[in-house]
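This report concerns only the one structure given below.
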Amino acid sequence: MKNVAIIGGTGYGAIELIRLLHTHKHLQVKKIISHSQFGEHITSVYPHLTGFVEEPMEEFEVTSLIEEVDIVFFATPAGVAKELIPKFADSTVQCIDLSGDLRLHSKEAYEKWYGKQAAPKELLNQAVYGLTEIYHEQVKGAKIISNPGCFPTSALLGLIPALENKIITSNHIVIDGKTAVSGAGRTPTASTHFSDTNENITPYKIGKHQHIPEIDQVLSKIAGDAINTTFTTHLIPMTRGLICTIYAELAKEISTEAVIDLYRTYYEKHRFVRIKEIGAFPTTKDVYGSNYCDIGLHVDERTNQLIIASAIDNLVKGAAGQAIQNANLMNGWEEAEGLDAIPIFP
Amino acid sequence: MKNVAIIGGTGYGAIELIRLLHTHKHLQVKKIISHSQFGEHITSVYPHLTGFVEEPMEEFEVTSLIEEVDIVFFATPAGVAKELIPKFADSTVQCIDLSGDLRLHSKEAYEKWYGKQAAPKELLNQAVYGLTEIYHEQVKGAKIISNPGCFPTSALLGLIPALENKIITSNHIVIDGKTAVSGAGRTPTASTHFSDTNENITPYKIGKHQHIPEIDQVLSKIAGDAINTTFTTHLIPMTRGLICTIYAELAKEISTEAVIDLYRTYYEKHRFVRIKEIGAFPTTKDVYGSNYCDIGLHVDERTNQLIIASAIDNLVKGAAGQAIQNANLMNGWEEAEGLDAIPIFP
Amino acid sequence: MKNVAIIGGTGYGAIELIRLLHTHKHLQVKKIISHSQFGEHITSVYPHLTGFVEEPMEEFEVTSLIEEVDIVFFATPAGVAKELIPKFADSTVQCIDLSGDLRLHSKEAYEKWYGKQAAPKELLNQAVYGLTEIYHEQVKGAKIISNPGCFPTSALLGLIPALENKIITSNHIVIDGKTAVSGAGRTPTASTHFSDTNENITPYKIGKHQHIPEIDQVLSKIAGDAINTTFTTHLIPMTRGLICTIYAELAKEISTEAVIDLYRTYYEKHRFVRIKEIGAFPTTKDVYGSNYCDIGLHVDERTNQLIIASAIDNLVKGAAGQAIQNANLMNGWEEAEGLDAIPIFP
Amino acid sequence: MKNVAIIGGTGYGAIELIRLLHTHKHLQVKKIISHSQFGEHITSVYPHLTGFVEEPMEEFEVTSLIEEVDIVFFATPAGVAKELIPKFADSTVQCIDLSGDLRLHSKEAYEKWYGKQAAPKELLNQAVYGLTEIYHEQVKGAKIISNPGCFPTSALLGLIPALENKIITSNHIVIDGKTAVSGAGRTPTASTHFSDTNENITPYKIGKHQHIPEIDQVLSKIAGDAINTTFTTHLIPMTRGLICTIYAELAKEISTEAVIDLYRTYYEKHRFVRIKEIGAFPTTKDVYGSNYCDIGLHVDERTNQLIIASAIDNLVKGAAGQAIQNANLMNGWEEAEGLDAIPIFP
């Protein structure tokens, strides 16, 4: 049994890690670190955890962490993980960062999109981008993981098989993202206020979302050429779930069936990606609470476009679930360990 | 005071007409016609109308309608209005069809997308497509109105100023539609069952939606050239409201400010279209219960795309409200008569 | 046309007053006062009002208000109206307080339940409790109105006919209140955060709600004896609407039909109270956006209890609508002026 | 490993059993029986199960069931289980009935409240009422379990400690039930239609709910005297979760702290009942997807009432979860086997 510390104990990322790790055979949560509420018990913030977590939250203290834990998950706001991860440099502790700190290789891009100082280059170089199905081998050997953003996870798993197999062109890729409100985190704000958010669809951060450069960086590397996608995000009145509807120009004539076959082959060793049958499309509820990414495909012959819909639970495959999936690979365990639950429906 | 009959008394279109006409200075609801429940009182289906509607619903009977009413609104399923409207041919009764029966000029297109026999050509020729802001003058002289679909209303009001002014190209137009569940009507089905629909985003009718040819027909006419748009629809867990997020390639360099100016000029005589300021985007709740169409615009310089978001209440501007707006124009009344209410918020 | 000022311009009470007054024949909104955001335009907070409100919000200034307006609505937090209303003492300005400042006659009770200093006795004495249907005659002659709370409006309209007619005993009255989230106002808090509130029922302020003494004060006066009700409140995941389910011991044998008759007679001159037929119960959606209070009744013979369900829109009959209803009576206008809209459904 | 058959494969009870049993150490789902859709694959109805269930659904056939399975769960509509369970009489198969068929000991009561013919007396006599925490010992020795209704589970766990310890009187007990929509099952109806149900609170079956005699039967037996409770039910716009707010007259002076102590002692060996601290109340989201029943308590000194709020997930502790809990006891396994998951939050 290895020991885990979770940094950022009062956020949704942390409690989703606690929920999923509770069923994990090889990992147990040893410490929950909260800068704002250390000393308190997490059940005072999250009563649903009553009976599951005994110890109070602690302040971050690197020496005791190095002594007592094997893996640290950073479920922290932007700017925190890049300061703390280097403190584990001389230890064997594995670090998995759920924030965006280590996702962008370009310091300029990070500073432009995040409005903060970027992580040092050497740290960025050590971090492996943990889009598990795509960077499977690199993840296995990693010590530091940069866990992908929720929208990039959905968009990239949906796009990469088509792009890599050159059945789409790289111009005019449009990604229309729709997300549940939990993606905005735990802090109450005007845009997450129930009365304003319920019965409402809200486009937000149009042209400014920090997931844009993350998506483009990965796609560009895969295509071997600079790709700029058009990516928008919409807040939907629900708690969990995220879907990207993706539009890309076909590079050649191909049937929907053939595209589906290609995707099934691409992901055949990856149980967490499920490709829908012809005519069927994924819904967010079909992956609720699970680590699945469900993908539907349609060749629109009228317009020569490939339409892809890719659905995940933003807190699982889009955050805590994929982080654990990466931890499993890094340690040579069954990839689905702790992640085998059936989606909750209805 | 002119008299109104509403055909299709137990659907959402009918009750929204009743709600809006209640405040109308020149129109009163005289008859509510229901084929399935004539003889019953509408309040047995819709208790919220208690105190507002006295008479029971009646069976359709053309002679008495011609004698007693001046305007007939058809809030009927596909295939009904095209059978009934010709019966008023020799009368002065104005007919406004909220169904799709008279929207497509091409009989082949209707039969392909609706899977039913099309209306006769002469009837199609008489009907004016009632996208009020765009076909203002034609509506004024019409006797038969084909009221636009909910998605086409939102998409076309969002696209036409840019297309007409040639600031976008007509290739690669993508329209990502998101709608509340009331668009699916009153009949309970698996896809409108609360437990399945709540906390869920459901892409549906991908590549098959009957609003595709309607949008393309109008855009093609305006562009003077065949346009095929890529259009998808998603069911969102809310009761009312619809937004189209639209992506089009810019035909020339232009700033967001300039696009906003152009749209404001285009709609300056049309109070029901409100153009958002730079950086702001419409939400469906901002138009809830009202006849407004709110439009936000953004030039995405990274990708040379114009991003347009266009929000309406699907039951008002997308159905009953626009129908009344058309009736107002046809009769020389104030365009906003009966439609002047402030959106309900929160 | 009389002029209105609304104090507390950025709250939900204010915008609901603006919405309803927009259709009022005798009243127009002249000034919107906001202490926190004066100088700003209300559309920067509430974009749905774009096109309806021209002037920026102002700071409270009593001299110009006395000069320019005839009625002031206080949609302010607890403790504000009791300070400001006395400033209008020597003017003819009518004051309608939507807050709880003037509701409790006992200073001790106010200080216990609100945790603030009570209004001066002379001010309390001048204020008429504006539960319109019950205190109709007193409201007509009032200059200062204390507008009832949302739960008391629903509970009292539901209970009073039975209590006054002595068909129930005054012991063991239980009122189980269920409210939409907008009742908690505009300020984002943990308990109104979408992700926590959605898909959740939350009992709150059990035994501590400030509407308890308000309900008991009115019932005690009507019964001529001290009544203590058991009253609880639950937050429900929806934006608008409130229902009280009320349980009272029958004082004599009576049928459901007879109770319904009694209620219909009691409210026969009051159009905003609608009594359901036998076997039917009100839902909050049936009164959405309207000033109606729908009441359903059932005699439970097994337990000798009268069960009453009383539904209102918490922002209309529970706040802004009833305030306007009171203003109408005070000025000798049609009681339903500005309040005649059909509830919005679905 | 024992084998399970689930009868009623296309309902919500069945898929919740499948979800929970997937993590069970000693049970595996061997057969899914559906009378209406045998031969089809369950994933055609429930795509979220893709990858988890391989075999198509089958028609009910008692011989093969007796041969191949050890436990049969009946997640069937009223009237089915009482016909099928006797077919297993001569076998060792354990039968757990999630329907109401075997809950009422009185045939007259069943026929009155369910409107169907009751099960034969001998079958009723064999069935143990599976309210696990209360009938722990009887469940251990049972071969046939009548699994409690969702509301009775919540109400009885909330009331029994107070009633058994005589701190409340048995008159005037009021139970106000509030439930998510999934309790109404999978079949689309007007009352589960999204557009009508969303943003709505709907009282239903007032005075007629079939859970009334079930609650009264258990309470009467415990009190040793006939108890008639006043019980109402309200539909709340959410998918999962149920809360009963219960009001009972105190039989003696007692503090909230003392009541909490008493409840904690009563349930100290029962991990699935969690008693809240003073001043705290349960919410349905705190038990979402889990087998917990969270109970909050408040002594209302003003009215001499004990207020109890008892929250469960209607599909887990209110149905499938408690059924599995009973199966665990019947077979001598760890009571929480398959039920140890942390509630899903947010």
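Each chain gets a letter, A, B, C and D, in the order it is written, and its residues are counted from 1.
As a convention for this text, a contact is a pair of C-beta atoms (placed from the backbone, for glycine too) under 8 Å apart; a residue touches a chain by one contact, two chains touch by 3 or more.
If you're wondering where the values come from, they're calculated on a predicted model, not measured in any experiment.
Common neighbours of subunit B and subunit D (chains touching each): A, C. With centres computed as the average of Cα coordinates, no chain lies farther from subunit B than D.
Centre to centre, using the average C-alpha position, subunit B and subunit C are separated by 36 Å. Note: centroid distance subunit C to subunit D, computed from Cα atoms, is 38 Å.
Look at where the CA atoms of subunit A average out and do the same for subunit C: the two points lie 46 Å apart.
Multi-chain contact residues, meaning those touching two or more other chains, occur in subunit D at positions 12, 180, 182, 195, 198-199, 237-240, 282-283, 285, 288, 346. Those residues of subunit B lying in contact with subunit C across their complex are 12, 15, 18-19, 22-23, 46-52, 182, 198-199, 239-240, 271, 274, 276, 280, 282-283, 285-289, 294, 340-346. Interface residues of subunit B facing subunit A in the complex, by the touch rule stated above, are 172, 174, 176, 178, 180, 195-196, 198-204, 206-207, 212, 228-230, 232, 234, 236-241, 243, 245, 247, 249, 281-285, 288, 296, 298, 300, 302-303, 305, 307, 309, 311, 346. Chain contact summary for the complex, subunit A toward subunit C: residues 12, 180-182, 184, 186, 188-190, 192-195, 197-199, 237-239.
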